[in-house]
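Below, subunit A partners subunit B and then partners subunit C, in two separate complexes.
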Partner chain A sequence: MKYFLLTLAALTFVYPFIWMLSASLSAESGLGDLALLPEQFTWNNYVTVFTKIPLGRAFLNSAFVAIVTTGLVLVTGAMVGYALARYEFVGRDWIFYAIIFTMTLPFQITLIPNYITMVRLGWIDTYLALIVPFSLSSLAVLLFRQAFQSLPQALIDAARIDGAGELRIIFQILVPNVLPTVLTIMILTFMGLWNEALWPLIVIRDESTMTMPQLVTLFSVGGRAEGQLGVKIAAAVLLAVPVVVLYLFFQKHFIRSMASSGLKD
Partner chain B sequence: MKKLTPYLLVSPYVLHFAVFVAFPVVFSIVLTFHRWNIISPMEYIGLSNYERLLHDRLFWQAVWNTVRFLLVHIPLQIVVALGLAELLNRTVRGASFFRGAFFLPVIVSGVVVTILWQQLLGFNAGLINRMLTGLHLPRVAWLDDPTIAMYSIAMMATWKNVGLYVILFLVGLQSVPEQYYEAADLEGATAWQKFRYITLPIINPTLFTVVVLSTISGFSLFIEPYIMTEGGPLNSTLSAVMYIYKQAFQYYHMGYSATLGFCFALLILFVVIIQRRYVEQES
Partner chain C sequence: MANVTLTHIAKAYGNGPTLIRDVTIDVRDQEFVVLVGPSGCGKSTLLRMIAGLEDITSGDLLLDGKRINDLPPKDRDIAMVFQNYALYPHMTVFENMAFGLKLRNMAKADIRARVTQAARILEIDNLLDRKPKDMSGGQRQRVAIGRAIVREPKVFLFDEPLSNLDAKLRGQTRIELQKLHRQLRATMIYVTHDQVEAMTLGDRIVVLRGGDVMQSDTPLTLYNRPANRFVAGFIGTPPMNFLPGHVRQIDGSLCFMPSGFEMHMPITDVVQQTALTPYIGKAVTLGIRAEYLTTAPVNEQAVPLPVRIEAMENMGNEALAYVTTEESRFIARVSPTDALALAIGQSAMLFLDTVHAHFFDDATELVIR
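Then we have the complex of A and B:
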């Protein structure tokens, strides 16, 4: 009985995705079937998507933005987290207050002013607008701080005696010792950026700079799909595939990372 | 130099905080007293934006829509998540497979999930209505009926997010000592009594986390109704964030939109503080 219910639930969550994949490979007439395998197999929907919108370009944009930003979040997070974990300095408490303030502040309040900042900086329609505002994460700072605190002081002292500078201590000695934390931050940041649609919709108007979720959204609501459901679904499949593939490889880490970020608050 | 080191290390944080958190908060308050279309100079208009907000029926409808969404989404999510977590809790075989399956929609973009559910919820060709007619039940106008549309979106959001909350509850449930249940069994307690008097008090903190997390994410509702219904039918799925977005980027009412964002953010903080108070009193 229990396994019956669990299987039913698992099907509820997985079956729609399989149906979506199958629908994207079906001819328009075969859509709406409950069947798992397309009746008339065709790549047409995918061909149409790529001719209608620059999805390949959007994929590269998304990948570029997500990878660069994730890298920056790791670098800044490790630096700030290290200072908070290993130094006593005047004003340290204020950094904590700032972190707590940032994490409780609803984004609805900063949305419009941040857009105006982008306009003033001339960053509209540039990668800078997609990268810089997300280049530092309070959660990453907290996670690094926590991880660094649990490392022995001897590790740092030994490196100092060898004449290592602070940056070398952070990135060559400490970071390799907290790889699970690094992985958690990578997963959370990458996934968040890959799926983010609202901010790109605001700061990017030029199609060649658009990210994938943005382009798929505009394609879907803008009427360019022209009621061709299969094409719309194919676009959605392409948007889902990269994260799902990563998920299949790092399933446990994904779940653990997201659960730990949820329990942080 | 030694003294400077920590300051150099935290300087990226201070800079980022100043530009993307502190300045916007201050500037958003300034904006609420101005009329501005971003091109011509700002015009000071006192409290007019606030006055307008009070009488803006569409804004209050958007807030109410968001609240209606939450009122269905949160209880549904808690019940389903707790149920699935309870089922998984004492399963050994295949537990990680089931967890992985429940979690799949969590990692996928809301854009994907919405496009998918648009097909599932269609009136004529939608899979759910096909299943209903297959069972000789009447079709439901999931997205076309203004009284139902927002709840359909709440159902979809639950499907998307519930996997995360299953995991959170599972962590909570696993902290309940097995002996407590054994003792209750000896006393002849029913399943409900065991849940009410043993499980619930222990998972209370998790329950609070789940309520707060889904409140905050629910108040951010945007992309789902934006794609699914574009706020319709009859503005019944217009969410507060969608309305703020429209005011800013369709009508270029920057001052008014900032006022909406500011007041809506205060409302969110207010709700979260109330929730926290309530939980502290309970425990």
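Then we have the complex of A and C:
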């Protein structure tokens, strides 16, 4: 009975995704009946997507932006988190609360000011507009701060006596010992960036700089799919694949790093 | 050569209370100095200030005559071993030991040579590829010591390095640290709250309390000639017995009158007489080590003391008798055969050897000598 309920729950999550996959491989006429296997199997939908829009270029754009930004988030998050966790300075707690407070602001509120900033900086239609506003994440700061606080101070002392500077302490001594946190931040940041469609729609108009979700959205609602549902679904599948692959890959590492980081104080 | 000199060192956090008031210690080259005291006495803070991990509020810290107050830890040529080992968990033993050398841009071959040599000294050469989590506490401690040795520093600092080990291993490691000190001929400063460690390891012991140096001397001097009541009670296992009372002159001879007893102890020793004469009528405390409370009088000066046996710990080679009087409790070290004659709960007579008694001024707690 227990397993029956679990299976049922799992199926309700998995079913739409499987249907999406099967629909993308079906001919347009077979889409209506929500079948789990493709009807009149065809690759046509994918062929159409690739001929109509520069999806390859958009994929590279998305990958570039997501990877660079995730890297920056890890670097800045670790540095700010370390300062907040281990340094004593006036106003430290207020800075921390301010950073936490920004987490409560919905992205939409800062959308217009951010856009104006981008225009003034002349960053519209450049990668900078996609990368810089996301390169410091309050969530990363928070998670790194908590993780660094849980490490023994003696670890830092020992590194200092060994001759390590502050940056080396952060990246060579502390970060390798909070890998679960690093992975969590990496996955969350990467997925968030990968799926972001609204911001690119506002700051990017040049098709060669567009990210994948932006391009797929424009393709689906902009009329170029010519009302064909199968083609839209195929584009959506292509959008989801990298994140799913990434998740499957890191899930294994995620669990392993959780299990092996047995730090003893 | 490595002399470490602390002159009038003080430490306070922000505007908070002063943690260390005025500490002056001179550690000579190749000396093994132990800082000992109860928790909160400032010994670890003192060590961290020498290491450069804490700022010095006032006073001078000199290494070979050079003031190093403001030198960062890495430039002090000092290595430190921590209580919880503080090994880098993600590095192998080799990498842990090599880390400090790498940062000093030493050639790879030299690093390998130094690490292998240190590993051989500490008998951990078969563990070089292991990670800290795959080793026992004792092995980790060796690696932590190894990490200090490879640096070949002028001064070694130890912050309670044995307190996470079990009793047997602690004993073994004590011996090995002694050997290591002789082998390396290095200056070592060692912090512990365990007075047995202090007695067995130190060439010299600095006893601290509440941020003040109570006494600084060789282990035997601390044991035999404590400067004050605190040192007398802190150094030695079991601790010294104390008997409050006052000094009085009876029929022209000097006597100690213990409170709660209907008796007086004549002071016959000339040196004691001279020292105690100014204290006539004043409150003093008598201190006596467990070995000078005996079941039979050892000399004519021994004074009988009626007690009740409360508990007995017979270790086979010796026995500790826990006894009570009206007002105090004492511990006497007796032979295991004598111990058999003492029944728990019964009254007995112990003899106090006044020649070996110490007297402390109740007002200042200083020894009267």
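Here is the rule we use: the second predicted complex is superposed on the first by the 236 of 265 C-alpha atoms of A that agree within 3 Å, B and C clash if a C-alpha of one lies under 4 Å from a C-alpha of the other, contacts with A are read in each partner's own complex, and residues count from 1 in each chain.
Keep in mind that, in the parts below, a residue touches a chain if its C-beta (ideal position, glycine included) is under 8 Å from a C-beta of that chain, and two chains touch if they have at least 3 such contacts.
Computed from a predicted model, the values in this text were never measured in an experiment.
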> Now for A:193: first (subunit B), second (subunit C), both, or neither, which partner does it touch?
Replying inline: neither
> More residues of subunit A are touched by which partner: subunit B or subunit C?
Replying inline: B
> After superposition on the shared chain, which partner residues are touched by A:116: those of subunit B (first), subunit C (second), both, or neither?
Replying inline: first
> Touching A:73 in the superposition: subunit B (first), subunit C (second), both, neither?
Replying inline: neither
>> Quick one: is A:204 in contact with subunit B, with subunit C, with both, or with neither? Answer first, second, both or neither.
In response: neither
> Does the superposition put A:55 against subunit B (first), subunit C (second), both, or neither?
Replying inline: neither
> Which residues form the common part of the subunit A surface touched by subunit B and by subunit C?
Replying inline: 262-263, 265
>> Which residues of subunit A touch subunit C once you look at their complex with the stated criterion?
In response: 152, 154-155, 157-164, 168, 173, 176-177, 260-265
> In the complex of these two chains, what residues of subunit C are touching subunit A?
Replying inline: 48, 51-53, 72-74, 78-80, 82-90, 99-100, 103-104, 133, 147, 151
>> Quick check on the complex: what are the subunit A residues that touch subunit B?
In response: 2-3, 5-6, 9-10, 12-14, 16-17, 19-20, 23, 31-32, 34, 76, 79-80, 82-84, 87, 89, 91-92, 95, 98, 101-102, 104-117, 119, 133, 135-136, 141, 166, 191, 194-195, 197-198, 201-202, 213, 216-217, 220-221, 229, 232-233, 235-237, 239-240, 243-244, 247, 251-252, 254-255, 258-259, 262-263, 265
>> Using the touch definition from the top, list the residues of subunit B that touch subunit A in their complex.
In response: 3, 5-7, 9-10, 12-14, 16-17, 19-21, 23-25, 27-28, 31, 38, 84, 87-88, 91, 94, 96-112, 115-117, 119-120, 125-127, 130-131, 159, 163-164, 167-168, 171, 209, 212-213, 216, 219-220, 222-223, 226-227, 230, 240-241, 244-245, 248-249, 254, 257-258, 261-262, 264-265, 268-269, 272
